[in-house]
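What follows is chain A paired twice: with chain B in the first complex and chain C in the second.
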Partner chain A sequence: MRESLTRRTLNSELKVLLAFNRREFINYVRYPLNPVFDLLMEPLYFVNWLLIGLFYVGAPTSTNLMVMAGTGDYISYLFLGGVLMSFARGAVDTVGNSLRTEMRTGTLESCWIAPISRFTLLTGRIVLNLVFMAAFNLLSGLLIYAIFHPVWNLDWTALFLILILTLLSNYSFGILMGGVVVIFKEIWSFRQLFMSALWILAGASFPVEVLPAWAQSLSRIVPYYYSLRDFRAVVLKGSTLSELSGDLLLLLVFSSVSMMLSYALFKRLERIAKRKGTLGLY
Partner chain B sequence: MGDRAIEAHGLTKVYTTKKPAGKGGYLAGIRNLLAPQTTSIRAVDNLDLAIDEGEIFGLLGPNGAGKTTTVKMLCTIIEPTSGSAKVADLDVVKEADKVREQIGAVLEGERALYWKLTGRENLEFYSTLYHVPPEIVKSRVQELLDFVGLTDWADEAVEKYSKGMKQRLTIMKALVHNPPILLLDEPTLGLDPVGAREVREKIIQMKKEGHTILLTTHYMQEADELCDRVGIIDQGKLIALGTPKELKDGLKKNDIIELELSGFSEDRFESLKSIAGSIDWIVHTWIDHVVGSAYVKLQTPDGRRVLPDVVRRSTELGMKVEYVKFSEPSLEDVFVSLTGRKLSEGAPA
Partner chain C sequence: MRPVSLSKRSFRSEARVVVAGVVADLKHMRAYMLNFVGSLFVPLTFLATFYLTVSALTGGDLSKFHEITGSYDIFAYMLVGYIFTSYVDDALFAIGENLKGMMVYGVFESISMVPISRITFLVMNTLSTYIWTTIYTSMILVSVWLLFGFVLRGNLPLAALVIVLSVVALYGFGFFYAGFAIQLKETFKLSSTIRFMVPIICGYSYSIVILPAQIQTISRIIPLTYSVDMMRFSILATIPLIPTHLELLILALSALVFPYLGYRTYLKLEARARKEGALGRY
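Up next is the complex of A and B:
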């Protein structure tokens, strides 16, 4: 009997993660218009949005916002909301939409029968996505800074920590979306519903205080609410990590629990698809 | 590990599907949505298999017979409803992860490849997925490219490959980690005769290198040419098992006669079939509709006695026997004699 060359180690599992990202990158750049459009789309989207705000408010600060959020700089307020939402969108797309794309092209079954952990299969593409998201947001930030000259406190350590905790909860939802794709073979409706609800409940484009009381209660159980509140507090009010420690602890607990629950639920949904014989079918 | 590469006992897969709403317009549609009617399909039915190390075993059957479902259960991506299966002595449900290290599979044909990547990039990607040690990936990939004669095309995007080249690369994708067991689902499906022959040659070479191969096919000649043993599967059940020779020898008690008839029509053929004697009319294929020429095959225990009657009756019916040949039974004949249908007819609804 021949001996398989497979030598599975933690290191080889990490190499699988890199291989997924390398493959995604090659695929991405071999459609040459992809990078061009993406580089233009994100910054233009932000600038367009902010110019609309500027037109209706008539000045770069809003008294309403000052009363509710403690800052009148709605341009930065909206931009920071958009940054975190883009990472949320990226997580859903990276996991759920990638699975759907591979189902459609027919490559998913081949990946599924490889001896790799399901977690690797689901999160294999996140590095590339994060690099792209960071680059696009950085570019947008530079553009907004050049046009509107906002005053920002860039405490990178605090921002990085908030972002990491937010990403953990982002990807836990992304994994859940992966399970949805495995069963329903579809993601756009779920994605749109999720993102729309998130924009409102997390307070991405306005303070949640404008919502009815019941909706505000819902906001309190959405981790992005805390992420956004802290992100803005650091950049716009100069808050320090120690001031935000309560929120960060809450985010850590929520992210860890949601990651475990999402993965367990995904495994359950995968089992259902295997029983139905629909895994990989599109 | 023992001398069995694959074993299955009572392997069964039942799919439950929703019945269509049928007639009745929107109301029936809504009723079906609220309380869907379901129906069960037994895709694989109590299958027992024992495939030895180093053999090529063919699962032969029409479309919808349960071949692909069987392979997918062995690949760990479909869970059996009941029964058990072991691959390389590992349970396909309880030890699925380890099973995947021991198998290479071709399931989706050319669709398993990333078309924007080159052939080399595809193989390197899958080598990493199968945890092939990095220090040997490049040499292993080159070895595989040489093996299938794709070295000159290695750095071209797969989208530029012919169908046959894609299929050869797909099989190499399954070989990157040098698995002891290969599961090939219809490896020559859709290929032209040259492409199919190239793939078959590679399969024979892989057997020589010591791989155990389970292949599914509905091409009887392919099974005949490649397989050490063949299992004929129909409606999820294994209805015959043996070497191609054993299966065909089972039919040798009958004479197989091939006829080419001109002036052929369905009506005349029906009248011809009413001729006296124990005759099993197996296949007839139109050769030329314009001149009414057709190829007819019959099996009978006493060909020499029956043939003069067939020729005389054909002439009376206005047909002319252009060609007669006593032939050896094929696996197709075995399938027809067991099921009463041709392989190309697929599974009954």
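Up next is the complex of A and C:
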């Protein structure tokens, strides 16, 4: 029996996912210097923070960070924060950018009426970014390891689990950005602002204890706060999954809640755009 | 009265084009309100992240920082670096990014045929960028005054002179980058990489004396290193890298030579693109 073209199946969703990522890949390698610059960019980001640390602290370890976070190795501390947040940034940027590109090229409405789930439409392109980010971060990690010989406990199962749970948050924030793009179109600086707020509240480059009390309370509802805490605990202190189970549960809860809220908000914003007839505008 | 030919260039026609360019940009900004509002707060979050990270790493022990710079004021040090970066970024990238925007919207060929000088054509769109950078800078200064009671002191006319000389010198690179944008089409990654590399090499967030000797040699060849150093000297009376009169001389010479070289290069690259018929492509 032949399947209807308008009927959604797992197979059709996977086909779309593949098509989206294939197209993104073609666009990416169409400008051959892109991969070269990306390869340079990620390590440069860490070099910048490393030099800032060396300039202000004067040594590769920080006594104050030792007191606050239980590790003085700020190179690893900043690196791990950067790694986890790069996945978040990648997801938020990819959804925002790709929808903007669809708007500019006039293909958004056609994509919108394709018989695929909104989830796939919005987040389908994140997969390729995820692969690239993983590769770039791995490379940066190897460089840092080769240069500074930090003491890292690489419990891959624990790290993978934390990343998977964090991925849920990445997707939810990506979907949220999709809704905002549909209404406000150009949101480059809003995205920056949003990611900066997440960076600060999650404590990506410093322990959240340096924040005022009200901001620390806000941190507790940001999923990345838990992922970063656990990610660092595994790598820098050798914590096990059972020790982190409470945090992981909270991470799962907050990631799921943020996913539901983001999706609900997206649907609302999409409805507004449809009612106003502004979906195709840019 | 004899009517003026529309194809005849005059000071008035050039001024009209500049005003039209600024008005078009302002309209563009107004059309994306969320983007505009977001951009007002992005600088504050960057500064906050930076300040919180350095605070967490140093815990208030600024002896190393004082030893290198002769100052204890890390906030002013960061602020000066940030303000400098904003203006410098405009000069470096605004022209190229604008040309790329024109290519994407398909108006580049028509605008490039308008009877105005090439300099006006290239510079017109950067003026609105400077207007906004000045607004953001003022906003940052007011915010840090309100939040921390911080007021920018020191030799402000000298600081302004340093910014003006640096911006004029960097227009040279801006022209070159614009030519490169016409040739290469996709320059986002290139500009992002340069945006990361220049601050690292020229020491926007720290003094270059902490860099390895080989990198320092490169830093000392680039006039931007002296710009940011002079800026800090003028506001914070930090220890300069070389005598300040020499730094000023380097900046003045750069302001004379680089725009000329950059402009000649742009004309060559544009001519090549015309010959190849690649102006309208992106």
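Observations, loosely collected:
What we mean here is this: the second predicted complex is superposed on the first by the 274 of 282 C-alpha atoms of A that agree within 3 Å, B and C clash if a C-alpha of one lies under 4 Å from a C-alpha of the other, contacts with A are read in each partner's own complex, and residues count from 1 in each chain.
The rule we apply is simple: a residue touches a chain if its C-beta (ideal position, glycine included) is under 8 Å from a C-beta of that chain, and two chains touch if they have at least 3 such contacts.
Note that this is a predicted model, so its numbers are computed, not measured.
Comparing chain C and chain B on the residues of chain A they touch gives the larger count to C. Look at A:212: by the touch rule set out above, it reaches neither chain B nor chain C. Using the contact criterion defined above for the overlaid structures, shared-chain residue A:62 touches chain C, although it does not reach chain B.
By the touch criterion defined above, A:187 reaches chain C but does not reach chain B. In the superposition on chain A, contact of A:277 is made with chain B only, not with chain C.
When the two structures are aligned on the shared chain, A:6 is found in touch with chain B, with no touch to chain C. In the superposition on chain A, contact of A:23 is made with chain B only, not with chain C. On chain A, the patch touched by chain B and the patch touched by chain C overlap at residues 30-31.
Against chain B, the residues of chain A that register as touching in their complex are 1-9, 12-13, 15-16, 18-19, 22-23, 26-27, 30-31, 105-107, 109-116, 271, 274-277, 279-280. The residues of chain C lying in touch with chain A in their complex are 31-39, 41-42, 45-46, 48-50, 52-65, 67-68, 74, 104, 184-186, 189-190, 192-193, 196-197, 199-200, 205-207, 210-211.
Taken together, the chain B residues at the contact with chain A in this complex read 1, 5, 13, 15-16, 43, 53-54, 69, 72, 75-79, 81, 97-98, 100-103, 105, 107-108, 111-117, 121, 124-126, 128-134, 136, 140, 157, 173, 176-180, 209-212.
Touching chain C in their complex are the following residues of chain A: 30-31, 33-34, 37-38, 40-41, 44-45, 47-49, 51-58, 62-65, 67-68, 74, 78, 104, 180, 184-193, 196-197, 199-200, 205-207, 210-211.
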